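After the structure tokens below, expect a handful of questions from me.
Order of writing sets the labels: A, B, C and D. Residues in every chain begin at 1.
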Amino acid sequence: MRTLKLVLAVAVSLAVAPLATAQETVRIGVVQPMTGPVAYDGNIYVNTVKMLVDDLNAKGGVLGKKIELVIEDGACNPAQSVNAAEKLVVRDKVVGLLGAFCSTSTAAVMEVAKKHKVPLITGISTAAQLTEQGNPYFFRAVATTPMLGNAFGPVLPKALNAKRFAFLTLNDDWGRSMQASYPKAIESGGGQIVANEFFQQSDLQFLSQITKVKAANPDAIVLAANTQQAVALSKQIRELGVTVPLVGEGAWSSDSYIKLAGPAAEGVYGLVEYVYTIKSPINEAFVKEFQAKLKENPSKFAGAAHNVLHIMVDAIGRAGTTDPEKIRAALEKTDYNGLVGNIKFDAKHQAYGQTVYLSLVKNGVPDVVETAKIAKP
Amino acid sequence: MSATITILAQHLLNGVLIGCAYALIAMGLTMIFGVMNIANFAHGEFYMLGGFVAFYLVSLMGLDYFAALPLAVAIVVALAIVLQHSIFRRLREAPMMTTTLVTIGLSILLENAALLLWGPQPQSIPTPFPTKPLSFFGVYTTPLYLFCMAVTAALIVVGHVLIRRTRMGKAMRATFQNKESAALVGIRIDRIYAYAFAFGAALAAAAGAVLGGFIPVEPATGGIITLKAFVVVILGGMGSFVGAIVGGLLLGLAEALGAGYMPTGWKDAIGFFAVILVLLFRPEGLFKRV
Amino acid sequence: MHRRLRMLSLANVTLHRGRTRVLDDVSLVVDEGELVALIGANGAGKTTVLRTISGILKPSTGTITFRGKPIQGADPGAIVRLGIAHCPEERKIWPDMSVQEHLELGAFIRNDGDVDADMERIFETFPVLKERREQLAGTLSGGQQQMLAIGRALMSRPSLVLFDEPSLGLAPIMVETIGTMIAGIRDRGATVLLVEQNASLALRLADRAYVLETGRITLTGPAQAMIENPEVHRAYLGG
Amino acid sequence: MRGLPVAAALIVVALCAVPLVVHDEYFLHLFIVSGVFVIAVLGLDLIVGYVGQLSLAHAAFFAMGAYTSALLFVRLKWSMWAGLPAAALLVGLIALVLGSVILRTRGHRFIIITVVFAELMKLVATNWVDMTRGFMGLPGLAVPPLWIPGIGTIDITAKSHFYYVVLFAAIVAFLLCRALVRSSVGHKFVLVRENEPLAESLGISAFRYSMIAFVVGAALAAAAGSLYAHYVGFVSPDLFNFSYVTIMLIMVILGGKGTLVGPALGAVIFTFLPELLREASHWRMIVFATILIVATLFMPKGIIFPLITHLVPRNWRLRNARAA
């Protein structure tokens, strides 16, 4: 009987839990890692959207209502991200979702978005197969790894003056997709691949992998790592006496990386979707505000946050309603001019048309040395 | 030297560096296991705390690097004494299930406390060493790596001598081998408990503080460290100090060479496979001697 | 008749393990310079009596006094420091420590300068231990381990030595040697409480004896009288 | 004890009523996840609570069940109805092989080996990319329709429908465990736990009975994993993380190991509690860990039973005891 009482007590308390009432705000849900292995970058994203929503609200919000962000921690863990997304959609009744950083978490959250028919935009997860699943509620406002590879691979041998390329990437969807898609593009530019190595998400010590890469005697090393691993990785590469140019997808042009890696960051190339040294009025305004409010230069995660938030708000405005289905339809017709140029979505909801950048760290500043446009796939 | 040999030598050097750290951590774990009969799942957290406290002292309080290292160890040991007094003391006669669950709980507690205090991002301790690598016939290292290797190796020797030669070390070994007759010659078991725990924590914290110069520490570092230390302890024989030292070096070398000559994703699996093999063919571990 | 000083006395000591009463109202005394034997069948509680005296077990009720001061409930370390050494059952040596380390730790409570001299004395008594002073105790024979356990107990310079089954598992010739050894300890002025299942050995060495049956003292008296007691003879001396 | 079947019936009725009363889908989601955990945790309780061996490989069995079911779905198009029993069977077999090696060891070595095994399985899931797609995980798992004789095929993808599938599975798991622990086998479990030498001297092989608990427990974990995989629609190596086994242990220990109702309730409470404490994510784990330490040290019966004893007024309890 005691057990029964307890069960009933729980059931009753749940039944009377307040249900979301008619909303005076437009709620947008954010699932980002605020704890866990990529929390640092996740927090930059979160702080950026918060800052930008304040700006948007100051200008009147959207549909005459204020925008309200509901932010949940997904910890770069699929199960936790699913729980977070479920809560956002079901309890908080958000009209759209931004997020999930790690592709595995995004893949998991996509299933939630589809089940509840709520649009989801990622600005960070680049694993190619995410858009191959034909999930109608999922949009990606960032170039995939193969797209970046196709855009820059052919010019890398010339830009870096290198023939022999070695890969050393994170052992996840991103790193693996990089090692699968880049070689063809690099080879088309006259390069060749001499080593393929991986490290794990929990690794902070890469001596064996570096020694192995070194044994292959490369002219350049292609890396994929986020800030936290990128710092340790580039330092240890230099500490083991490897002096060839490094070129990477990930954190290689961000302020935090350059500051933490110090001398090891000098001469490192970044293949990035956004870098704060882009010369355009919209970017210069963004960088100025970012520096004033968040005390650093925006990283590519901040750039991604800027893109996806504006694309979502733009779609809500054009939909003229908070009906997620209408917002989804509006997203398909996106034609947005932002930090990195014009963005449209193709039939699979993959963004194209935007500019991507090859940056080079000199005296602590990531200068743009090459640009390319993402072609319609 | 031919390129192949240079690379082999580089792998071996890497292996010794990491192996020394494994040995140091495992020595502390085996000691706590031997004396207190506790599989301390929170052991890696002492490594993590050693690293974070040293980082805090050097980077945020501006302390001199060489002063900060021993101070960090002292601070972690002080914490270990508090934990010993409040928690581990109560585990003396407790069943194994209780001791294990309590240490698992403690490891979660310490990890999340560190997360709260220092945030999730990995931190390296700034060191005064020049970053320019040194080359010996094409084998590269840095002053910092050499310093780490020297300090860990010296601490292993010091630990070994303390355990083998001093009165307290002998009393610890006696307690470990037979608690009752140790009590009967007048050794105070509760004190030995406290010493063993503090000593084990000190070795792990020292490893964290020293290695934190080039392997960044993060709150979650402790878990994998504990696991590696357990692997070493099982390989070397549970409670065997010699086993911990030799096992640590062996694991470091095996991982370096294994990762060097097979897909690197499986690096961590080498130790795990070794544990299963040892369990099948030599369950008491490679070394029995305490 | 007893003009000697009373050294150890147990008065109405009862001890429970779980709900079982292991010791039931045990009272016994040992006077200075005596060699007292405690005999009884396997499982009678003899070892428990010694473990209670040396502080490993705590009595539920009753008092234990040593030289007039109560010691029940004190921890083993404190009790050794009072001068009671306990040479435990099955020797309980430390298998991976050397002979010399055993003797050093035997003197753990001491910090006088005579430890080395005492060690030499032990080596004189047991020359075989000297030969093997660097050897690990686990590699010694049973008899040698017993010698080592005795030596270790004596290193604390006790005034009272508790022996628990020193003859257990030893070859007959070794049993004799150990017997002579224990008698020698008493002759040199220490007091001995000897627990033995080998009643004939114990009664031969002892001045007085107690018989313990399922946790109770059932008989006491001079050793010689015990040997002549037909019941004791039948029950403990094999016919 | 006549009141007991009535109480049980009432509980089942109450549980069946949950989707009718709870319209908040987020809570319904948590009820489903709790149900999945109930099944896994009952399995863990068999080995931890009944035979007294601390296995840290349980979450790995859960993950392996999820993977088996997911792989059968993705590679061979097997639906969950075939995948779930297949996962339970396969993982049970793996537990049998593993157990034949590790159940011969006792004590700390056993505990450590189980962690090592779990980590090894995580590495396999991560690195056997051709099979498991590594870190990319396996997405797109679907919940199959349910065919009930006489009614026909119904779609159970909705939470309120899937809830009943999980509820049914949890009740079956509960009854199965109940039958097992009340049988002579179950009594031998307890004997092995309480006094292994005595059990051996009576000819009861500790190895054999530990093995039964280990294998049945693993199969239950795998079944739970299979349900979870199809419900969430996605599996990845993260399922092997140590945090899962910790939370399962917290459910069993704080629920009250060695009982069935306790861990089952523990599973529900400790699925809801972390979610309700979402706001304080760091503090939440600190609070959890503290509860785990304190409860392990001072509350060997877990927290649920003592809490009920404390909270329910004495006269109420007495009256009911008399009525029962």
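FYI, a contact is a pair of C-beta atoms (placed from the backbone, for glycine too) under 8 Å apart; a residue touches a chain by one contact, two chains touch by 3 or more.
For clarity, every value in this text was computed on a predicted model and none was experimentally measured.
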item: Labels of chains that are neighbours to subunit B and to subunit C; value: none
item: Chain whose average C-alpha position is farthest from subunit C's own; value: A
item: Identifier of the chain whose CA centre is least distant from the whole-structure CA centre; value: B
item: CA centroid of subunit B to CA centroid of subunit D, Å; value: 34
item: For subunit C paired with subunit D, centre-to-centre distance based on mean C-alpha positions, whole Å; value: 54
item: Distance between the centres, which are taken as Cα means, of subunit D and subunit A, whole angstrom; value: 35
item: Centre-of-Cα separation between subunit C and subunit A, whole angstrom; value: 76
item: Contacts with two or more other chains, residues of subunit B listed in rising order; value: 115, 263, 265, 268
item: Multi-chain contact residues (two or more partners), subunit D; value: 126-127, 282
item: Contacting chain pairs - touch in the sense defined above; value: A-B, A-D, B-C, B-D
item: Complex contact set, residues of subunit C against subunit B; value: 54-56, 75-77, 80-81, 85-86, 88, 92-97, 101, 104-106, 108-109, 136, 149, 152-153, 155-156
item: Residue ranges of subunit B touching subunit D (in the complex, touch as defined); value: 33, 37, 39, 87, 90-91, 94, 96-98, 100-102, 104-106, 108-109, 111-113, 115-116, 223, 227, 230-231, 233-234, 238, 263, 265-266, 268-269, 272-273, 275-276, 279-280, 283
item: Touching residues (chain side subunit B, partner subunit A) in the complex; value: 3, 7, 10-11, 14, 17-18, 115, 119-122, 124, 131, 133, 135, 140-142, 144-145, 214-218, 220-221, 224, 255-256, 259-260, 263-265, 267-268
item: Parts of subunit A lying in touch with subunit D, wherever the complex brings them together; value: 1-8, 10-12, 14-15, 17, 19, 34-35, 72-73, 77-79, 82-83, 86-87, 90-91, 103-104, 107-108, 110-111, 115, 127, 129, 133, 171-173, 176, 200-201
item: Touching residues on subunit B, where the partner in the complex is subunit C; value: 167, 170-171, 173-174, 177-178, 180-188, 288-290
